[in-house]
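There's a structure below that I have some questions on.
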């Protein structure tokens, strides 16, 4: 258990980035921040680090938005946990989000982020419980 | 209760189309078949009929595939129940499917289709139960 | 397995009552129709028959409405499966419904009723699966 | 993200109130304590503050109990997250609780409260995922 | 879609076996009955047929009971859908059942069996939706 | 609320034991560590303390492994929340785990443990919400 549980974070607003990093750190996760979607995808493809989840803003620097990055992450690993953070774009979740993801409406509390990441990671137990 | 619960079906394989229509009919639903994704979207936009769910194949005649049609249907109505039917394209669900949808792997039994449509319609009760 | 699975139904609209009885019968359930909420509660209290679920309209003949009958049924048995059927009163579900119940919006297809009753009965397995 | 996520708390036992406030604060929520159910309802109706969830004891000072306050809160907003805290009244939850709420049995740990509030807030993503 | 969805059934009571076969058949499944747990395991291991789910009684002819057969089926395929049927042994489910299975209490209605099998098959969509 | 919420922990690796104790403590739980499965079962049977959940490693000192201890705990209390922690044995969960439990893959973050314990405790509200 000396290994770290690394969560990739894509967020260019420094204030939010700080809140997310602090929250993840307090929950015992290690945040790895990518400046753009392109950088995040490169890091996920290289597999130098084992990322366990993706926490992404929707409006990103660069050409890709958060919806697109999440789709690529799921092509690389179909079970990858995805958490979107957004204020203005929440109404696009129903058409642009991927299955089995969670949307956090800004503003959100750090506990919501920790619960969201943990729920998705814990649900990955083989096999996931059907409800009922 | 003399009104019908109409489910839009997009499927060009006549054998599967027959199975789906029969299954829906046996469960008390009314199937409305669209030949292409384009036709389905036109019908959803016109709102002459109140469609309550979409059951769609992935590989469709015309330019749109089932993933794209589902996204447009969710832009029109963010809570629209979506059921995908596929054999070959199941591995794309994690990246191309919309949240809160169900994928039926072909071959499937008619009871699976009825349960899938019913689960999504019943979950639409205001408000949907969070699990806990 | 010669015993019957009896579902109590409270519905005074004869057309809907017929649809509900037929649907339950086709699914292998036995419907026991009560004319009013008062009668239903008397039957539940007497325990001559083991009722396994309650399917109730909201607007009932007599002084009690469906919300009140469901609450009394849950006082008698805290795990009793409850399915509400309504058109006009759906917006009251969030404040007047009981936990772990299902609301069917009229019009609904028979398959939705069977799935709703079955989901609640199957979820009663000891213990119910937490999600995750 | 400088805005706060405010949670309304109705609890007159000062020891429990302190625990709840500390727990919420540690999770990054802002607790707004109301002394009675009547006061809570007045505050919810005025909408000066955007409350995001209600955490309520069952036995309250004043004429309303926690079950009644939750129902009024749901009339004001049908999707409002409700968390009940109780020791003695837990057996009334099945008949008096509202759908999609969570009951915390006293004594509970602060982490349970944070998870409960977060689960309900995160499930409010549009649309909530049906299980399947 | 001319292929069948085959469900393995282990049940030696002929009356129940008939009910289960009829129910599955009506839902469009093909039942393959095994007389004992040993026979069922042999068939699952040979993989001549692609079985998609297991429906099993608890008290079986032969040396294995339903709890043991389900565990072996899950060793062969960790995602195999399991439905137990029992009257007397329901209280053992919490300690002897496998995760993500469903217990049907006898007597049950055919619709409950169809919903149970369908829920587990539909939940197998890659990836299974975490709740939230 | 001066009473403690005690969670039984079975883990002989001192490093992991420390992480688990710290995580539980930070979430407001009280950890009670048992050195072996045999000791844990003795403590659960004596009922001197009210344990509210079990967090167990799979490979234990003594003759019992974590799968076996969990089964005995569920015989004592069919609703007892179970969280397994494992690295190597995760693939056995589908056949050896009990229903309604959660598996944490090592390495995991403290927040995952707190969320897992809290989800299972909160789901124990009477009655547990069926999904839909």
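Labels for the chains are A, B, C, D, E and F, by order of writing; each one numbers its residues from 1.
Convention: a residue touches a chain if its C-beta (ideal position, glycine included) is under 8 Å from a C-beta of that chain, and two chains touch if they have at least 3 such contacts.
Given the structure is predicted, the values throughout are model-derived calculations rather than measurements.
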{"item": "Homomeric contact subunit C-subunit D: same or different residue positions, threshold half", "value": "same"}
{"item": "Remotest chain, subunit A as reference, centres from CA atoms", "value": "C"}
{"item": "Identity of the chain that, by mean CA position, is farthest from subunit D", "value": "E"}
{"item": "For subunit B paired with subunit C, centre-to-centre distance based on mean C-alpha positions, whole Å", "value": "27"}
{"item": "Sequence positions of subunit B contacting 2 or more other chains", "value": "78-79, 91, 93-94, 99-100, 102, 114-116, 119, 122-123, 125-132"}
{"item": "Contact set on subunit B toward subunit C in their complex", "value": "1-5, 26-29, 114-115, 117-119, 121-122, 124-127, 129, 131-132"}
{"item": "In the complex, subunit D residues that touch subunit C", "value": "71-72, 74-75, 78-79, 91, 93-101, 131"}
{"item": "Touching residues (chain side subunit F, partner subunit A) in the complex", "value": "13, 15-16, 19, 23, 90-91, 93-94, 99-100, 102-112, 114-116, 119, 130-131"}
